[in-house]
Every structure is written in structure tokens, then in C-alpha cells.
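One chain, chain A, links the two complexes that follow: it is found with chain B in the first and with chain C in the second.
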Partner chain A sequence: MRRRHPFTLLALAGALPALAWILPAPAGGMATAAAALGLALLPAAGGGATVARAAVLTAAPFWAFLLLLHDAATALAIGLRLTTMVASVVWVVAALPPARLVEALVARGWSARAAYVFAATLAAVPVLRARARRIVEAQRCRGLSPRGGLVRRLRALRALALPLVLSALHEVDERALALETRGLASGARRTALAPPADPPAERALRWGLAALCAAALVWRLA
Partner chain B sequence: MSGLTLDGVTFRYPATERPALREVSLEVAAGEVVALVGAAGAGASTLLLVAADLAPRVVGGTLTGRVQRPGRAGLVLPTPWTQVSGMAFTVWDEVAFGPANLGWPREEIVRHVEPALAQLGIAHLAPRDPATLSGGELQRVVIAGIVAMDPTLLLLDEPAAELDPEGARLVWRLVRALAARGKAVVVATSDLDAVPDVADRVVWLAEGRVAAAGPPAVLAEEATCAAGLGTAVAGVWRAAGLPPPYPLTVADAVRAWR
Partner chain C sequence: MSVRLLALIPVAAAVSLALSAAVDAVALPLFLDTTGTILATALAGPAVGVATGVVTSAVNTLRNPTFWPFVVVQVIVALYAWLAARAGLFRRFATAVPAGLGLGVIAALASTPISYAVFGCTTTGGIALTTALGRALGLPPLAACFFGSFVTDCGDKTVTFALVASVLHALPRRTAARFPWALRAIGAA
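On to the complex of A and B.
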């Protein structure tokens, strides 16, 4: 899956949530959620069950709030749609290497700066996760345990969040300087070093997904 | 030919009272290596940002005075992790990131990337994922990435901070080699013992001002030694109560002793 053209992965991640909201509930949402979770289960997404588990865990709080606020049928309808959205995003973050996305965008004529900003949003998730893990380890060394009761966990969360946010902000400053000096804003059109192949079948698939979304919308509005 | 001219430069960061640089004038010729030394907060890193056209353009603040750099400047910061693009699968791609951003044709990129990798002794790392490298290796990759962009003015902020002794020696040799090829080099460093072999001139910054400037022998003068900015040999000589002039290097000390 990682070898697919980045636009194909983005098209899939965009089409599934769109269909989840367009198609009638709960069958439509069930189908799209199953498809999104199925994609997350693929080994190429970067670890099989790990990605799917991350998607389910991220979606779980939404389900809890929906069940508190709505009746079961509404909660199921919205929950499946939200699950599709969450699973699609988690899957595409895991399956799409930002470097390939930058190359694909630059090859399509995007400025390197705009492509970098777009891809950096995908790259930020694993970077922040790795840094959070390091901060937790450092806090453990200083006797703060992230395990235990709710109060203890909340205290650990505060000790994690502040250094995570501050270090991220500090890094943004330095990274901006480094990227500037490395010509990201030079104004020249960036040379694509290894533009990903975009076979006709994938282009057809993307158009097919767009047509499917449009047809579903027309059907629902008719 | 001048690689960098600062004429009466005063720079103030946003929302600060005190200028980080005050009336700094400095000229660096092509082929010359100038070392900036000073205590933390003296203004060396700020001077490099101004020289690289990043302050105030990117960091904000106000600048008065004149800054002239005839060609492209390349800046290496002290922390390697924040300088990698995060957009490269391999070390080769990481080093090529800058040249690609300049829009060079692929053949020209290859012509600059391969020698840069060789000069930094990291050609064997070319296929590796940058995320798997140590801090020292990564710093060499970052320096190679700047060297590959062929800047006329090279600005280095503590380039040896993350390196092991052999890596540091390699970087200092590279600095001399680049100067020999006509590059103007400004390096802010606390590796004072390396300065006599690397720099043609030393500029001592204190509270944003140029406190002293001259040949590397400045690092063996009483004032710099008293400020903790002398070389180790000069510092030991002084601490032992031996009379000035203090020797700059071990070789100087041996000569003076005999």
C-alpha cells in the first residue's frame, strides 16, 4: 500500500468519510467504517493491528459522548461516521510517508513550501508521539508514574503536556530557521528527486472514487 | 572580495529592551575563517542569524546598520535533530534536500551531494534512514546538506558540539578546506583549543559588542583568559602563576619552556 501513489491514498482517505456521511445510516456508515478499519488492518499500514487499535482507541471517546447525548440509533449512525473519519485519518497517517507526498505534490507543480506544510501535518503525529514517549520516560526517571488511579494519571498528563507543547514550539522556531537556510523558501521550483509513479490504473481509481461520491450524493438528493 | 560586511549593526529581538547586538562592525573576506567567541548570551548566535539574513527577516526584531553578503549564505545550527527536513528516506536525499529546493537540475545535485558526503566522511551512510543516525552522524549530515548547497558564506554555530573528537577534527579540517576554496567562514565556537588551528581571526563578543578582535593569539591575552575564553594551555599557564605572554598552544608552551 505504501507504494501506491500518495494521491491515491489521500483519495481513499477522503472518499470513505465522504461516503460515510452521504450514504444512509447505519448501513452506509457500517460499510465505510469496516472498509476504513480493514485498510488500517493491512500490514502495509505500518503494523497491522497497531494502526487499527489506535483508530479504535481514538474513536472510543466519541462513542462514549454520543451514547450519553443521543439515543442508540443516532449514536450508532454518527458513531460509525466518526469512526470512518478517525480510522481513515489514522490509516493515511500510518500508510503515507510524508516524503513521498512532498515529491508527488512538487511533481504536480506545488511550491516546495506549500507541499512541506501539507506533509508536515502528517509527519507531526509520529514525531510528537515519539517525543511524548521520551518525556514519559524522563518523568518516570524522576519518580512520576503515569500508571495508577485517575488523579495520578491526570498529574502525569500535566507533566507530559507542558514539556511536550513547549518543546514542540521551540523546535518549530529552530526548524523554521533550518528550512529557510536550506532554501525551502528560495522561490525556485523544487527539483523532484524521486517522483512517485502514477500508473493509469491508479488515476482511474481516483476518478472512480470521485465519481462514486458524486453519484451517491445525487442519489441521496434525488 | 568580501564574503560578509557588517557595519554598525545593532539588533534587538522582538519584545526585548536590551539589544542582542550593539554597533557590531565586522568584515570577513572570501577564503577567511573568523571565529566568534564569548560567554553564553554574548550575541554570537544572533550575529550568525543576522549574517544569514534570518534576523530580522524570519525571527522578527529590529535591525539598524548595514549588512552585505554578496552570495548565498548557509547556516548550521547546534542541534542536529531540528535541522533535518524529516522529508527524506535516506541520508542522500537529506543532503540533497537543499540543492533540490534551489531547483538545480538532478545532475548538478548529484555533482554537489556526492563530494559533500565524502568530505564529511559519511558516504557509507548514504542509503541509511536519517532517523536511525546518532546525534554526531546527524550533525555531519546537516553540515553536508549545507556544503552541498555551495554557499559563498558558511556560518557555523557550535558545529562540533555533538561530535566525537574525530568528528570534530574532520569538521575543522573541512572548514579550512572550504576556506581554501574561497568560502568565507564564520564559526561561533566554545571549542577554544581548536581555534588557533582553524581561524585566521578571532572576534570576542561580550554583551553584544565586539570586545576584542585580532589573530588567534587574542585567546592567550590576559583579558580573554580572565574571562575564561583563553585556550586550555594559556589558562593552565596563567593558573600556574607563570608570567605573560601566555602560550596559545602546546607547541608555544614547549618553546617558551625551553
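On to the complex of A and C.
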């Protein structure tokens, strides 16, 4: 599954939740949730049972809250749709490495800037999270405590957030220089190093999924 | 868009996501997931702010799939922050805090229909529990859903606005001058 074109994986992950909302509940939701969980169980998704377990664990709190707020029929209808959405996204995240998606976008003529923004954010999040953890530990050494009144905790939040945000903003210049050095300012179209293969069967599958969603919508509205 | 402003987008989006994870350390029931959107708007204008909001939602969706339907709220937050920056509401805490409260009301109004229609008001534990409280108080389902969003969004956006004002004032002038709107947002230009 990992060798499929990124757009095919995204089309599957987008079509299943769309069908879950379009098709009548609960049968439609059951079919799409089963399909999404089935995809997550595929070993090629990057872990098989691990991916399916992550999907179920992510969806479980929604079921609890739905049963708290709604009657059983409504909870079942919404819960199956949410399970489809959660399982589809968890599956596509496991099956589609971001770098492969960026390659596919660049190969399809998307701006290198858009590809950079997406890839750079994915790379920056773990770095800043690790820095935030270090700042929390450093502030704890200086007496930061989650206890106390609201004002004290808001002061603690400021002591945590300011160093993190200011240090991140200081990095912007370095990043800008690196991007200019690599010619991103020129706006020239990039050539993808290893563009993913996009066989005609996969293109047909994507069109088929779009047609299926459109047909289901027309059928429901008729 | 200049390369510097392009480089600001992933940094601001990552700040939102890192702060969302780090806020647990001070045991406050806040999201802070719009901090980067508001900060990027105040520093560089609405286009950078909207782009930051969309990227934040897209990357957050990879962690928690329920974030994507709320991308429209990020766009509204960016546009509101732009109006607030133009009106000089980041210049003092006395104006930033009420502006954040106003954003909380608008964000709750924008997120309630999405939360109600897509998630049955179960987007987070806090919203689900405050919605249940609203139902227990006798509110109809949609009003209870708004009550849940209102309680969480007002506190979150007020603190976020105050935090961004704090960052803007703490930013060294030399650094602030590199962003087109930073000095104007705090009334230093």
C-alpha cells in the first residue's frame, strides 16, 4: 500500500468519510467504518494491528461522549461516521510518508513554497516540542509549579511560552537565509528527484471514487 | 510573499502545536492552538496569518483527525486578529484582553455549527462535559453545544490574545522591525 501514489491514498482517505456522511445511517456508516478499519489492519499500512489499535483508541473517547450526550441511535450514527474519519486519517498518516507526498506535489507542478511550508512545519513541530519540554524542566528548577491559583498558573504559562516563542522567532532569519541560498526566492519550477509512479489504474480508481461520492450524493438528494 | 514571511509560517504553526502540548505543564484547560495564527497575523498581516492557520489545522489533523473541519475557525481567527492589530488592540493588555474575549465569542459562534453537525458536540472532553452541563441546566441541544464552546473558547482566546500581546512587547525592536506589521501592532511605529 505504501507504494501506491500519494493522491490515491488521499483519495481513499477522503472518500470513505465523505461516503460515511452521505450514505444513510447506520448501515452506510457501518460499511465505511469497516472499510476504514480494514485498511488500517493491512500490514502495509505500517504496522497492521498497531495502526488499527491507534484508530480505535482515538475514536473511543468520542463514543463515550456521544453516549453521554445523545440517545443510542444518534450516538451510533455519529459514532460510525467519526470512526470512519478517524480510522481513515490514522491509516493514511501511517501509510503515507510526508516526504513522498511532497515529492508527488512537486512532480504535479505545485509550488515548491507550498511543499516547503508543509514539510517544514512537520519537521519543526517535534523540534519545538522538545524545546518546550526543556523549557518546562528549566522553569521547574526555578520553581515553576502547576499548583496554586489561576493568576499564578497564568504567570507560569507566560514563563513557559515567552522563551519558546521568542527563540522560535529568532530562527526565522536563519531559515529565510537558507531558503534564499537554495533558490526558493526565484520561483522557478522544481524537478522532483524521485516522483512516485502514477499508473493509469490508480488514476481510474481516483476518478471512480469521485464518481461514487457524487452518485451517492445525487441518490441521497433525489 | 517574501522568503522571510514564508519562513515565518511553519515556525508560527509549530509554535501553536508545541504550546498546545506544553500547556499541560501548568495544568490550565487551554488549547492555545491559535497562538501562532494570531502572532503571525500581528507580525506579518492577514495572508501569512491565514496560511499559518490552514497549515496548523492540516498538520494538527495528522495527529488528531478531528481538527480539519475547524480550519474555517482558524481563518476567522486570523482575520479578526488582523482587525485587532489594525485597531491597535495589542498595544496594551487593557485592550488585548477584551479583544481576546470578543474573539472567544466569535470563535464559539463559528465552531458551534461544526461541532454540532459533525461531532455531536464531542470534539474534546472539556466541551463534551460543559455541553452535558448545559443540557442538565435545561438548554436545547444546539444552545448547550454553544454553551460548551463558549466556556472553553472565551478563556482560551483571552489568554491567547494576552500571550501574543506579551510576546509582541517582549520582542527586541531589531527583530520586530524585520516583520512588516510588528511595530505598528504595538504602536512603536
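Operating definition for what follows: the second predicted complex is superposed on the first by the 151 of 222 C-alpha atoms of A that agree within 3 Å, B and C clash if a C-alpha of one lies under 4 Å from a C-alpha of the other, contacts with A are read in each partner's own complex, and residues count from 1 in each chain.
Methods note: contacts are C-beta pairs under 8 Å (C-beta built on N, C-alpha and C of every residue); 3 or more make two chains touch, one makes a residue touch a chain.
Everything numeric in this text was worked out from a predicted model, so none of it was measured.
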item	value
Which superposed partner A:116 touches (first chain B, second chain C, both, neither)	both
First, second, both or neither for A:171, with chain B first and chain C second	both
First, second, both or neither for A:188, with chain B first and chain C second	first
Touched partner set for A:127, first chain B, second chain C, both or neither	both
When both partners are placed on the shared chain, which of chain B and chain C touches more of chain A	C
Touched partner set for A:180, first chain B, second chain C, both or neither	both
Contacts of A:214 with chain B and chain C, given as first, second, both or neither	neither
Contacts of A:153 with chain B and chain C, given as first, second, both or neither	second
Which of chain B and chain C A:102 touches, first, second, both or neither	first
Contact residues of chain A, present in both the chain B and the chain C interface	116, 120, 123, 127, 171, 173, 175-176, 179-180, 184
Footprint of chain C on chain A - complex, ascending	58, 61-62, 65-66, 68-70, 74-75, 78, 81-82, 85-86, 88-90, 93, 113, 116-118, 120-125, 127-129, 131-133, 135-136, 144, 146-147, 153-154, 156-158, 160-162, 164-166, 168-173, 175-176, 179-180, 184-185
Residue ranges of chain C in contact with chain A within the complex	1-4, 6-15, 17-19, 21-23, 25-28, 30, 32, 35, 39, 43, 51, 55-56, 58-59, 61-62, 64-66, 118-122, 125, 128, 131-132, 135, 159, 163, 166-167, 170-171, 175, 178
Complex contacts: residues of chain B adjacent to chain A	49, 52, 54, 58-59, 73-75, 77, 79, 81-83, 85-89, 93, 96-106, 109, 142, 145-146, 149
Residue ranges of chain A touching chain B (in the complex, touch as defined)	97-99, 102, 112, 116, 119-120, 123, 127, 171, 173-184, 186, 188-194
